[in-house]
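What follows is a set of structures to go through.
Shared chain: subunit A. Partners: subunit B in the first complex, subunit C in the second.
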Partner chain A sequence: MRVKQPLTLPAAARVARPRRATGLNRSLGPRLMVAPAVIVVLALTLFPMLWSLQKSFYAWFPSRGATSTWVGLDNYLWVFTSERFWNSMGNLAFLLFFGVGAQMVLGTALALALYEGVGNARLRVLLLTLFLLPMMMPPIVIGDLWAFILTPQSGVLNFLLRQIGVPAQNWTGAELGMLSITITDVWQWTALPLVIAFSGRSSLPTSIYEAARLDGASRWFVTRRITLPLLKDLLVIALLLRLMDAYKFFDAAYIITRGGPGTATELPGLLTYLVGFKDFDIGRAAALTWVIGLIAVIVMQSLWNMLRTRRA
Partner chain B sequence: MGSRSKVSRRDVLKGAGAVGGGAMAGSLWTPRGGLSVVAQDAATPANQAGKLPVPLGEPRFQGVALTPTSDEFLGPLFEWYGDDLNAEAGLEFNETVLFPSYTEIESLMPELISGGELPYDLMSYSSVYFGDIVATGQVEPLDRYLDQYAGVEEYLAGVMPAYREFYTKSRGETYGLMCDGDVHVFHYRPSLFNDENLRNRYEQRFNTPLIVPDTWPQFAQTAQFFTEELKDKGIYGCQLQGARPFGFSFWLDIAAPLGVKYFSEDMQPMINTPEAVQALELMMELKRWSPPGTENFGGDQIIGNWQQGVVAMCDWWIDLREFSARANVPVGRDVNDTVMPGWEVNGEVARRSTMAFSRTFSIPANKSQEVKDAAFYAIYRLSHPDYSLYSCADPYCGLDPYMDIHYSDQAAELYVTGNPLRETADAYPENNGIFVGDLQAAKDHLAAGRANVEVGFPQPNWPGAAEYIDTLSLHVQRALAGEADAKRALDDAATEWTAIVERRGRVEQTEYYAGFVTAAKALGYW
Partner chain C sequence: MSRLPVGRWLVWAFLSVFTVLTLFPIYWAINTSFKSPVEVYAQPPTFIPRDFTTAAYRWVLDGGKAMPAFRDSAIVSLSATVLAVTIGTLAGYAFSRFGPQVGGDRLAFWLLTTRMTPPIVAALPLFFLFQDIGLVDTYQGLILAYLAFNVPLATWMMRSFFNDVPRSYEEAAYLDGYSLFRTFYRVTLPLVMPGIVATSILVWIFSWNEFLLALVLSGREISPFPPLLPTLASGYQIQWNNITALSLFAVIPPVLIIVLFRQHLVRGLSLGAVANR
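On to the complex of A and B.
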């Protein structure tokens, strides 16, 4: 019977072999290494969140000192029964549906037109850069720029309309204010789905398109049946990014209309700012933040689930 | 290196060394001859009483470097006058900590309520927040500081009473000194009122001559006339600032003369009375004679429209005329200002002009005594006419009159010359005066300011003022935007005001409001 000899490694290899960590070291080491980052994250996100959750159950006006009064669910009750809050959510729904919707459609269409319609590579890059410019501008500049364009009396838009015989419109009034804000957002952010769709289209294999061309598929058919389905995952990412960003839309609207006239263009972010930093009513502002945040989570999760189910 | 105006800082300071009482009396005051008016004299009664002279004339605060904080429009004060205050009392200033205008509550409040060492030693802020800032308990009471200096009684007597009582005092104690006095003024374009063709057409149509309106119904009729006559030429009868948070103040100009008050003495809102509704309905009518979008106009649009000559009449802050006078704009100097229209009551016209915004100086309580003494001296001197006369007349400083002497003919002369207490720099490149070469315009302008401040109506000054103001402005704007009728809008505002009272504590709010009412009664508002 042959006895199997134990395999022996050369001395050098034995030296080079790492020491096996003990159980304690194995679990502690990596944890210690990520601990600073975790502590920072906890300190900067989790603690303020819990603090604001706690404050949302209190009436607290810091100008009256550190004393706060326990009010239970009163702040939440105020949020849910506030006409102003639901009005702001309605305005937000308008912005998300029409604004983000238009950005997705326009962005995708422009990306495909740019990729498939512009043959000159330099011109393509130049146009792409031009489309990206608004996205790179600071929101305050966007706000001031569009306030200048939309001002009813002396704005550029009404000036141009008058030149072609169309009567001036009250772009920042109650009827058109929300549409104007939406147009501003579309102007600035169409570039995001555009650049995502453009890069996605660039990465699609040319062989599929050659096969389709050999089969005599029309351009529209190719777009509808090949390009868009292949870009779907990327477009979903773009949609979610835009929804998340538009959900907290604040700056340009604040500069152009300050939520007015009345509450015609007031969005949840602006309402929270006014309650928290103008009324200095921290309890209600905290409750608003939580309600708005939870609605966002529910909406985004539902959308994600819906898209995942469809894909499955 | 900036250029100097003809009269140097030192020339001006030659006369320094005295109390400002004489300045306020106007007896020895000469606009370009000296800061203070009465020569420093150890034998003055004030000094006999053992009080500190003003200016100090000794480096009492040498070694103390103060860090001021203010909104962006006040900033240059400490640059301009730092050397002078150093010469007077050894004061030095660090760079001013600036915050965007009307963000006091978010810029200062967190620091104040933290109770720690504040990063500034004196502060200027909108008087809207006076009540809130004082209520933190972190602001130094100033009466004992005032008592130390000579001439203070004259100084305090010279501050227009409504500013003094509402924007510097809380429950009888002084916590601030005035730094900027705001009031609404009625502006109009004389060329339109003097136009022969327009005068004839107005008389034919209304059987009465075209005059500068004295009452709000006349204002509405005149606004309608100008709009209907001149709209094709791009001119409207009037314009309204509908934007929050100060839209309420333009409604108050119309409502207050009808007897509308904020609350009853037992803290029931009085902003939805029939008179209040009547005022808002008139405002809604005025919207018809205003440029489109007026319900959302803020300061930029109002100033822009006025400067472009788009509007015939405008109720706005006192400096609208100044903005037009010093700029090369189409409306040019075709601007007059006068007292606000009112309502005819028992054969007399009752008028009110809202004293919206304004600025107050205060000093934080939790500083060393040495710093507080120095900071008080700094704010007292800057508030004092020795300096404030020049500040109010300087176009690069957003300060407006708040003392009797600020409206005088002598003060008017400073509006047609440069400010001899400052040099020019990139941020303030000119120093020629606002009404260059037109002393009469300056005098008329200040006379209009005085006429309006004499019927001035204070904004809320107790804790929560900004919330009351913003809520009221929101509902006034809703009515202007057509979201609600006047009654519904003001009822909604009143409901929210009641909720604010309950939420902030009825007992405490009533107590603060009682202080407002006491001052209002003493000054004849109630």
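On to the complex of A and C.
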């Protein structure tokens, strides 16, 4: 930090006054300001985590009575050996790969198409705002709108498909359930990479593009060799944000398939909810929260370190 | 750059298709909300209501379920926003100005980690802990639970807004003998008002839209609108006209906000990666 020395101030005051300000209230003050945030977040995460840790070593079914029995690591063993857990991880991988992948590709393409292809500034802002709408809508609402569109018997999607000669599909069935859920996530979240790429593209200096035009570079060449490399850092951030958010995905899956049929569309968060609040198997649910919580922290920490070393 | 008409047509086709795909579910919700319960299931589906009726909207406005749900949503989301932004502004300032003294990046990052963790991780134990102290199905309980996720977001965002304010004003205030809190309150705070507005908007939208914590921690005494929707959308002969009308009501506030404050949201949604233009 750079302090401009006030020329009119006598030398003595210059020393005395800052010292008063760096006394008690400057060392205690900042800690007081952080305290409420730390206390609130600690109280609402540390206690729950310790509670879960303790319960994860017991078999406890509150619906069958208050007694719980010590089972050691059995609940964790169940998590890592159960087909349901690995199935939910597989579904998550599907969502992350196809869902987030489609969002990144579509979002970037739309941002560049909007910025470079739409000359009229008003139309551009109108379309941008329109594309951002889904992102701000409650995910549970998006879930119910799509649940209705995808209804196998009376849904409008199957009707439209039949009009163009495609047979009706069971969109909430075991084969297509994950795809349906992924579609709703793409519909809602393509806007995030879009808006980040759009902001990034509009802050790139025009001089580069003039130079490229003078050299006779084609539009595709400019996009591939100039625009995308310059946007790379921002797109990486957009990708990370989407990956972390998709990990939490719950709402639309809950309303569209509720994990079913069977376990076909269970995702880690949804699985934990179902084990905890449908099977009332609290020990296993608690073990699950620790496993998926630790995965989140470890992945976050390594991504954070990766970003920091890249920047340094 | 080459001006191939083919390229231009491709760009317009792409944008048009995506516009239609974005608008269709919204159009379909509006269309359905003006139908009768019978016409909702008509085959082939009607693309304009044949028997136009506002029954679904009357169900939302008069019915015993929808309006109380919106009231509960408003109470919980607004209270959570005020508290989270107040706490987050204080902490964000301390992190921005006295980073190393208060735990620095490490603590700030730890706060952020809680935001990235799936909410069920907190919701499961909170349900049982809150049950013991009588906080399940209360406004206080739900507001408190929302703070766990929104305080980190508010702190992180406000830190980035404070980082944009030059320190020279504060240095001048210190030289004039202002205390830390007086400097913060009188000098810095007015300069980050736009940041506080942007942070409040985002925290409010996240609280308004939140589903899982509301599903687990409420439902009988109080019930925000999100957990109400799945209970309406299950079983046979689902009243999609009522559900879509309720959904459209729920969507209006966030949509208005994005139309009015689009520029301010971008930065928050990217956790500070993209600055406002």
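The criterion applied here is as follows: the second predicted complex is superposed on the first by the 258 of 312 C-alpha atoms of A that agree within 3 Å, B and C clash if a C-alpha of one lies under 4 Å from a C-alpha of the other, contacts with A are read in each partner's own complex, and residues count from 1 in each chain.
The rule we apply is simple: contacts are C-beta pairs under 8 Å (C-beta built on N, C-alpha and C of every residue); 3 or more make two chains touch, one makes a residue touch a chain.
Predicted, not measured: the structure shown is a model, and the values here were computed from it.
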Exercise. For A:N170, decide between first (touching subunit B), second (touching subunit C), both and neither.
Key: first
Exercise. Please work out whether A:A211 is in contact with subunit B alone, subunit C alone, both, or neither, and reply first, second, both or neither.
Key: neither
Exercise. Report for A:V105: first if it touches subunit B alone, second if subunit C alone, otherwise both or neither.
Key: neither
Quiz item: A:A59 contacts which: subunit B (first), subunit C (second), both, neither?
Solution: first
Quiz item: So, does A:R31 touch the first partner subunit B, the second partner subunit C, both, or neither?
Solution: second
Practice problem: Could you look at A:L130 and tell me whether it touches subunit B, subunit C, both or neither (first, second, both, neither)? | Solution: second
Practice problem: Once the structures are superposed on A, label A:Y254 by its partner contacts, choosing first (subunit B), second (subunit C), both or neither. | Solution: second
Quiz prompt | Partner chain in contact with A:M300 - subunit B first, subunit C second, else both or neither | solution = second
Quiz item: Looking at the overlay, does A:A285 come into contact with subunit B only (first), subunit C only (second), both, or neither?
Solution: second
Self-check item: Per-residue contact with subunit A, leading partner among subunit C and subunit B
Solution: C
Quiz item: In the superposed arrangement, what residues of subunit A touch both subunit B and subunit C?
Solution: 147, 154, 277
Quiz item: Mind pulling up the subunit A residues that touch subunit C in the complex?
Solution: 1-4, 6, 9, 14, 17-18, 20-21, 25-27, 29-31, 33-34, 36-38, 40-41, 44-45, 47-49, 51-52, 55, 106, 109-110, 113-114, 116-118, 127-149, 154, 156, 159, 187, 192, 195-196, 199-200, 202-203, 212-213, 217-219, 222, 234, 237-238, 241, 244, 247-248, 250-251, 254-255, 268-269, 272-273, 276-277, 282, 285-286, 289, 292-293, 296-297, 300-301, 304
Exercise. Using the touch rule from the top, collect the residues of subunit B that touch subunit A in their complex.
Key: 103, 105-106, 109-110, 113, 132-133, 135-137, 242-245, 291-293, 295-296, 298, 300-301, 304-305, 308, 310, 463-464, 466-467, 470, 474-475, 477-484, 503-505, 508
Exercise. Could you pull out which subunit A residues touch subunit B in their complex?
Key: 59, 61-66, 147, 151-154, 168-174, 177, 257-264, 274, 277-281
Self-check item: Residues of subunit C defined as touching subunit A within the complex
Solution: 1-2, 4, 7-8, 11-12, 14-15, 18-19, 21-23, 25-26, 28-29, 32, 40-41, 43-45, 87-88, 90-91, 93-95, 97-98, 101-103, 107, 109, 111-114, 116-129, 144-145, 147-148, 151-152, 155, 167-168, 171-172, 174-175, 177-181, 184, 205, 208-209, 211-212, 215-216, 225-226, 229-230, 233, 240, 243-244, 247, 250-251, 254-255, 257-259, 262, 265-266, 269-271, 273-274, 277
